[in-house]
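Heads up, there are several structures right after this.
You will see two complexes here that share chain A, one where it goes with chain B and one where it goes with chain C.
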Partner chain A sequence: MIGDFVVKGKYVGAEVDRVDAIGKVTGETKYADDLRLPNMHYGKILFSPYPRARVLHIDTRSAEALHGVRKIITAKDISGNNLYGYEIHHHPLLVGEGQETRFVGDSIALVVAETPEAADQALENIEVDYEVLTPLTSPREAKAEGAYQIHPGSQGNICCRPELIHGDIAAGFKNSEVIVEHTYFTSRQEQAFLETESGVAYVDDSGMLHIFSSLQDPYDVLEDVCYALGIPKSRIHVKGTIVGGAFGGKLITTIEVHLAAMVYLARVPVKIVLDREESFIFHPKRHPDEIHVKVGSTRDGKIQALEAEVLSDAGPYSGRTPEVLGLTVSALVGPYGIPSVHLTGQAIYTNNLDSGAMRGFGAPQAAVARESILDKLAGTLEMDPLELRQKNFLKPGQETLSPVLGDSPVSLELLKDQILEKMGPLPEVSPEQNKRVGRGFCFDMPVFDVSAIPVLGKSGVGIAVEIFSDASACVYAGGTELGQGITTVLAQIAAEELGLPINKVFVEMSDTWTCPRAGRTSASRLTYVLGNALLLATEKIRNTLLSRAAKMLEVSKDELILENGKIKAKGSPSKGVGLQEVATVCSNEGLKLREEGWFKYPEDRYMYGHTFMASAADVVVDLVTGEIKILKLVNIHDSGKVINPILAKGQLYGGSLQALGYALTENLIVEEGKLITPSFSEYLIPTAMDIPEEFVADAVETPYPTGPYGAKGLAEHALNSTTPAILNAISNAVDIDLTTIPVYPEHILEAIRAKETDHQ
Partner chain B sequence: MSHHNIYLMVNGKRYSLEVESDRSLLDVVREDLNLTGIKKGCDKGDCGACTVLLNGKPVNSCMVLAVQADGKEITTIEGVARDGKLDPIQVAFIKHGAVQCGFCTPGMILTAWALLRENREPMREEIQKAISGNLCRCTGYVQIIDAIQSAARVSRVNNE
Partner chain C sequence: MAAFDYVKPPSLESLINDYAQAKSEGAILAGGTDLLVKIRSGLVSRRVLFDINDLHEMKGISDEGDSLRIGAATRICDVADSNVVQSTVPFLSLAASQLGSPQIRNRATVGGNIVSASPAADTVLPLIAMGARLRFGSQGGNREVSIEKFMEGPGQTDIREDEVLIGVVVPKLSNGCKSHFIKVGRRKAVAISVVNIAGWIKTDRTGVIEDVRLVLGAVAPTAIRAGETETFLRGKRPNEVVLKEAARITAGQSSPISDIRGTQKGRRLLVEAWTFRLLQILMTQNEAN
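== the complex of A and B ==
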C-alpha cells in the first residue's frame, strides 16, 4: 500500500527541497530578533515575583530618571481595556494598583530604553509594594469549597467541564466480566522552542502600527491588540516572521500586546526578546493532568465500557484550555470501537504557570492513560496486548465520537501488520546481565482541524494566488511557517497546479495585510485547509489561462494541458504556447490573474478529521540502576497522501522525540506557583545522544476523500503515540505498573522493590 | 565597566572593535558586526544555537567574552559558504530534511564542519556525540545525522 496512491505529480508526493532552506543553512534568514529598525529601542517586562499578590503601589520615578530610559508604562497609562485573551478577555496586559496578580508571568510594568542594559537597570529600579497572598497551587485545593476564586464570579475555579457520553455506561459495565481501573499523572511539558518570544514593532507616518513577531496566529494577535489597547483593527498590521519553533507555545498572543503598548506610548520603534527563563515562565504549557480511567471487558477481550475523569490544571487563564481538555476527553477513546463511554473533564484555575496548547493538544495525555490501562487490562485477561487492541479496533463504518469525524478509511489492520514486520523479533538480553527487554505498542487516532468555522466565521479559510506576466507566481497564505514546512507544501501544490517550475513560485505567509484570513497555525490543519483553498484558487487561474490560450491556439480548452511553463494541446504537442506569453496577454487585456480560494467544510460546526498511527518501542531496563535504553522505536502513520515524504518524516521523528522526552525526562516543575526548572540544564529535552538506537518513521498512504490530493494533516501526530509505546515497553520489561510520567530510573527501582515486597 | 580595544578575524575579515569587558562574543558578533546568523537560544551555554568556531573549535559564543576572543580567528555560519557556493554540509542539510525551523541549524552546521575536519569518516555515534551540545527541538536529529554522514561521504569523494 505504501506509495500506492500516487497522483502522478512532478512536485506533489516528491522529495522536494524545502523552499526556505537556503536562508536557514546560510544564516541569512531573519528571525524576529535579527530585525533592526532605525532608532530602535528595547522593551522589557517587569513580571510579578509572586504567583498571587495585591499590587499596592508602583513607583517608577527613579527608574524613569535613569540615563537611557525612554518610558515606563503601568496599567494607568493604558487607555484600552488593558485585557486580552483567546475567546475570554481576562488576561490583563498590566496588573495595576489595587489589583491582584494571578501567576508569576503576570506583567506589572513595561520599560522602553535605548539599550537592553538600560532597560534591565530600569527594571531593577521600579519599586512595587505588594501584599503577598496565599496562592492556589493545586486543582484539588482550588476546586474545594470555600477556595478563593481566581476569577471573581466563577465557581469552584472551574475553567471548563467537558463531558462525552455514548451508549449506556451502566449496561456496559454490567456486560463486563473484567473491570480494571487506575489513575495516571502526566507532567507539565514545556514546548522548548529554541527561539524565545520576540518581536519588533513601529508606527509609520500614516499612523499604521506594524508588528513583526514570532507567532502562530497573526489574526488573533490583531484582535488582542485592538481589544487591549483600543487601536482600530484597520490601523494594525501583523506579520509573522519565520518562527524558530512554537509547538503551540506561541498560539495565543505572547509579547505582541506588550510590544504594541510600548511602541504607542513611547513613540519609538521597539524590540522585545524574552530570555529563556522569562520564556519558560511566560507562555502556557501542556496541562498536567490526573486521569482516572476504568474499563470493562468480556473475558475474551471485547471492551464494553470506558469511564474516565480528567482533572486538569488550567493555570490562571482560560486561553486554549477548553479546546485542549475537550480533545483530551475525546482522545481517551482512541482508535477503538467501544459501545459505551462516559468521559468527563474538569480544568481548574490555579496560580501555577499557565496551561494551554502544546503539540497534540491534550491528546498525548489521554493516550498515556488509555494505552496504559489497555496493557493493564491485557495483563488481567492474560491476553497479548496487541491482540486485545486488535479485537477492539475501530471497524470501517463504525461511528466515531463527536467532534471526531469518522470519514477516514480505517487502516488499523494494515498498520498493525506493518509495525509487526518492522519490529521483527524481540531482541534478547541474557538474564545474568541484570537487564530486561520489553516491547510496547500504541495505536492512535490523532486529529487535525478541518472546519475552522467557529474561528473564522462562515467564510472559511482563504488564500490568494497571483500569476504575473513573467510567469512567476505568488501564493499569499495566512498560515505561519513554524518549521513544519507548510511554505514548501503550498509551493509544491501551486507549482503542480500552475505547471510552473517550483523556483518560479513564491509563498508569502502570515501577513494580515496581504493574506486572506486563514486562522491559526495549529491543530495540524494547514495542509488540509490551505491546500484545499489553494486548489480552488489555482483552478480559477488555470481556467483564465487555458481559456485565453485556447483562443490563441484555436483549440478547445479541454484539449489543453498546463505543464513545464507551457500550455500544450494533448494530441498535437507541436501546438503550444509559453505560459509567459499567455500570462502577458491576459495581463495586457486586464484579465484577472489574482484569485482567491475560500475553503470551508460543508458542516457548520467544530470538528476534526483524523489520521491513524501505530507506534512500537523495544526497551532494555537495567534492574540495578533502573536505567532505560530505547533499542528501537517505530512510528507508522497513515495521514493520507503524503505531499512531501522528507518533510513528513521530519515531523514523525521530531514529534516522536518530543514524546520520548515527555516519557522519560521532561517535567517543568512548579512549586508554590514558582518555576523550579528555569533552564535547559534543569528542564531536559532530548539531545542527539538520547535518540533510539534504531529509529524508524514510515507512512501508509490511504487517500482521504476530501483532502487535497487525498492528504490529511500530520504535524503533531507522532507526539501522541510514542510516549505510551515506551511506557508499555518498560512495564512489559520489568512487569510493573507505571502511573506517573516522566518515568525516572528511581521510579522503576521503587516499583520493582514494591512488587518484591508484595510478593513476600 | 572598562572598555577594551580588540580585533577579531571573522570569516577572514579583520574587525577592530571597542568592547566592554562583560560583553559576550555572541552579542558582539550579532549586534556590533551585524552577523545575525548565529542565534541566542539560552545565553547560558545550554543549547548550542550560538556556536561559532574559535580558532577552528566549536564554542558556545554566549559563554565566551569578546575580550577573550581578542586576536583570534572566528568562523560564523556566514563564513561557511565560499564564493556563494554552499558547503557540502549545507547542501546535505537541505537534501536530507535536516532543517525545520532552522534556529539550531547554523550552530549545528558549524559543529558538523569542525567534526568533519577532524574525522573524515565519522560513525553515527561519533556524530551524535559531537552534536550533543547542539539542541534541536524540531527534527529528532535523525535527518541531521544522515546529512552529516552524507556530507562526509561527498567531501571524501571531492577530495579524492
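== the complex of A and C ==
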C-alpha cells in the first residue's frame, strides 16, 4: 500500500496553481498596510529603552500639545485588566508609573496622530523618568538563588519544567558499553517574515469593534482584547488579512490589543504598522537553548539510554514557552526506539527578548542536539552514522515515547532508501585542493496537531461551505492564509467533492464573523483538521444536492455522481442535470445549502499526529579558509497523501532555507537585554544566491487512515531536519565537533587548529 | 526620519558655492545608500542635501594613459562592468562587483564608498593598493590627496567642510602585475565584509617577487596596508612555507575588534587564512588577469 495511495482526483493530488497567485504577483492583493479607512489615524508605540527599569513618571503634556496629535494613552487610561497573554495573562499592555519593565519590547505609551510623522514627533516628546535597574540576562543567573523574580512568585524564575521519563534510565546506562555526552548551544532565531506586524481597526455605529490585522489566529485576538480592555467578545470582530509570512511570530496577539485601545480611547479609526526595528524587538523568537545530552549504547549500536537536560531562555513572558519546551524535550527522542529515556527541561524567565513560537516549535533545537550526538556516537563506535540510525529506527508497532499518537505507518526505511538514491555517490575533490567533502543525515518525526488537545479551541474545528444557485461555492474557514497555500488546498478539496471547476470555488478565511472557530494556524495542522472538517461539510451538501437530483432524474441517489458541474447517473450518461439547476431548485425550495462541518479527533488526550522526515546534505569545506559550500541538499517527507505537490515542495524548500540560515548565518545578538542586530543588514538570512547548487524536495506518500484522502500536515518539517544534516556534513568533512550555531568558517578553523595541537 | 531640503545644483560650480554656504548643515547626496540609512536611523541630520547625480563633471571613467580617472558620482555597477577597469585594474572591478547587491550597485557610487570611510568599504582596498589619488574641489580651489592619507578612522577622513570629492585618479597596474580581491562575508550577497583583502604582485622572470601590495579591510580603524608583509615578500621566491609565513605576519598587523560580524580572534584567523589563499591565487593566476 505504501507509496501508491489510490486517490488521485481531478484536483486532489494535482499540481494546481495557487488560487491567490495572480493577486500576489501583480501586487493587487491587499495586506493590512494597504487598507485605508476614512479619517484613519496612525498609531505608534513608545517602547521601553531599557530591558529592566521602573517607570517613575510619564509626562505626556508636551506631546499632546503637538499639532496633529489626537491622543496619548498610558496605563492609567486603560479600564480593563491592562494585561494579556496566551494562557497566563501577565503581559502588560502598558507599563504604568510605579511598575517595572521586563524587556525592551514592553510598551509605555500609545500615540494616535493624524500622520505617521506627527506620531513620531509625539513619541519623541513623551517624557519618561526611569529608575534603571540591572536586568537578568542569562538563564543561569536568573535561576540562581536570590535572583530577583521577574514575575513575583515565580520561584527561581522558572517558567516551566517539562519532563519525559520512560523505562529504567540507570539500567539503560548500565547496559551500555559506550556512553557519549556533549552540550549543544542553539541560537535565538528571528522569524524574518516579510510583513511586519500591522493592522487597522475602527468602531462602527453600533459600537462593534472591527480589527483587520496580520495574525495567525483571530480567536486568540478576541480572547486578549476582551481580557485586556474589558470589551465583550460579542462586540469584537476580528478579520485576519492576507498575511505576508508569520512562522510563529504572530502566534500570540501582536499589535491588536494596542490597536483596540487606541481606537476605543481616541475614537477614530487607527492603523499600526511596525517598522522593522520595532518588529524585531516586539515579537517572540525561537528559544535559545543549552542542551546537555548523554546517550548510551551497546558496542553494536543499539541505543539503550538517552538522558538530556535543556536550559531554555524563556524571555520575559510565558506565552508559548511551555508548549515549545515540551516539544523540545519530547523531540529529543526523534524517530528512534529507545528503551529508556530521562529528559528534562527548564525554561527560565529573563529580561532578554521574548521567546516563543517559531516554525518547528522547539523541535529544531532538539534535532540539533539529537542528531549531533548520534554522529558522535557513531564516531565512537566507528560505525556508519546512517547504519547507526537505521539500527535504532522506530519499528512498525513500536511504542512512541513522545506525546504522539503512534498511529502512523512507519516509513523510515523507505525514506532512507529514497534519500540514498537521491543523494547518489559522495562527490570527490582532489586531495591537493585542501578541501574535504562530507555528508550528513538527519531523520526526524515532525508532529502535527490533530485537534485532540482539549484546550483553547484546539479541539473542535469548524468550517462552513455554501453552494449558491449559480453553482459557485464558498468555503468559510477560520484558519489564516499565511502564504502556505491553505486557501488553494481547501479550494482543491471543495472542488473535488462538489464536482465543481476550481474557479467556481472561493475560500474566505480568518474571520470571526463568518468563519466557524478553527483554532490557530500553526503546528502544521490546517490541511488535516480543516480538510477533515471540509469533507464533513461537503458530504452534507452533496447529500442534499444528490437527493434532490435523484427525485428530478427519477433514479436512486446511490447511482448518481457529481462531476464537472453536473449530476449524472452512473449507468446512463444521458440521464443528467446541471448543478446550477439542482442548486436553484434547492434554493427555491428552501433546502439548506450552507453547511458546517466540525471535526474533532476521536480522543481527548494531549497528543499530536506525527510524520516522518529525512534530510541529507553534501558539503565541501576548505581546510585553509574554513569556507563551507553546500553542494547538495535533499529533503524527503512522508506526510501522508500530498494534496498539492507544488505547495508541498514549497514548504520543504522554504523550511530548508530557514534551517540553512539557522545553521550558518543567522545570529540575533542580544547584549545586556538589548538587541544589537536590529535589522536585516545585521541579521543575515539566506538570499537567493545562497541556495545550494542542488536542492531537491520530494515525498513518500504513506496514507494516514484518519486524514483527508490520507493526508497529514506538512509545514515545519524541513526546518527541523536540515540544520543537523548540514552540521553533520561539516563535522564529517573535517572531523570536528560542532556544538554551537551558527557555524562560521573561523569556528571551523579554530576547531581544526585545536585538533592539530592535540595531536602534536 | 528628520526632514531635509533637497537641492539639485545645475553645475559643479554652483554645487561648490551652495555647499560652501550651507556649511555643516549641508551634505552631498550621491547614491544615498549610506547617507539615507544614517539619516533615517538618526545618526546624521542635515538641513539640506545636494544631489550630484546629474553632474557630468563627476561621472564616468576616462583613460588618461597611465591612469584612469573615475568621477566620484560614477556608479559601482559601472565600475564593475567597465572594460577599461577590468583590463587595467581588474581587482577594482572585482571589488565593485561584490559590493552589496545589484540594487545597491545600481545606486551606490565610488565617491560615496570613499567618503563614508567604512573600514570595510570594498572599493577602497584596491584603490589604496594602487596608490589612488583623490581630487577635491572647493571655493578655495582644487586639492589632491592620496586615498591612504585621506582615511583617518571609521567614518573619519581629512575632508574639509566645504570640499566636494570630484574624482579619483587610479594608476593602472603595470604589465606583468597580477591582482586579486577577496571579500569574506557571511553570505553570498548583501553582506558587509567581515574581512576583505586586496593585493597585487609582480614577479620577475625567475619567479622572485619584485613588488607586492597587500591591503586589509575591516580589521583596523581604516583599511590598512600590510607593510611588513610586503617587505617580507619582496625579493623572495614564493613557496608554500613563504606564503604561510607571509599570512602569519599579515594577521599580526591587523588589529580587529569584536563586533556583530565577528570576533577579534575569528577575524585574525580569517585574515591569515585568506591572505594565504589570496597569495596562492596571485601566484597561480594567468598573466592575462
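Before moving on, here are some points about what is shown:
Operating definition for what follows: the second predicted complex is superposed on the first by the 748 of 760 C-alpha atoms of A that agree within 3 Å, B and C clash if a C-alpha of one lies under 4 Å from a C-alpha of the other, contacts with A are read in each partner's own complex, and residues count from 1 in each chain.
Note that contacts are C-beta pairs under 8 Å (C-beta built on N, C-alpha and C of every residue); 3 or more make two chains touch, one makes a residue touch a chain.
If you're wondering where the values come from, they're calculated on a predicted model, not measured in any experiment.
Here chain B and chain C are compared by how many residues of chain A each touches, and B touches more. Of the two partner chains placed by the overlay, only chain C lies in contact with A:Ile669; chain B stays clear of it. After overlaying the two complexes on the shared chain, residue contacts for A:Val700 are found with neither chain B nor chain C.
By the document's definition of touching, of the two partners only chain C reaches A:His747; chain B does not. Judged by the touch definition given at the top, the superposed model places A:Leu593 against neither chain B nor chain C. Look at A:Leu490: by the touch rule set out above, it reaches neither chain B nor chain C. By the touch criterion stated above, A:Thr687 is placed in contact with chain B and with chain C alike. In the superposition on chain A, A:Ala533 contacts neither chain B nor chain C. Overlap of the chain B and chain C interfaces on chain A comprises residues 681, 687-689.
Listing the residues of chain A that touch chain B in their complex gives 17-18, 20-31, 33-34, 36, 191-196, 242-245, 247, 273, 275-276, 482-485, 646-647, 649-650, 652-658, 679-681, 685, 687-689, 691, 695, 697. If you check the complex, the residues on chain B that touch chain A are 34-44, 46-47, 49, 76-78, 80-81, 86, 90, 93-97, 99-106, 109, 127-129, 131-145.
Interface residues of chain A, counted against chain C in their complex, comprise 120, 624-626, 664-665, 667, 669, 676-677, 681-682, 684, 686-690, 744-747, 749-750, 753. Looking at the complex, you find that chain C touches chain A at residues 1, 37, 101, 184, 186-192, 260, 262-263, 265-267, 269-270, 273-274, 276-277.
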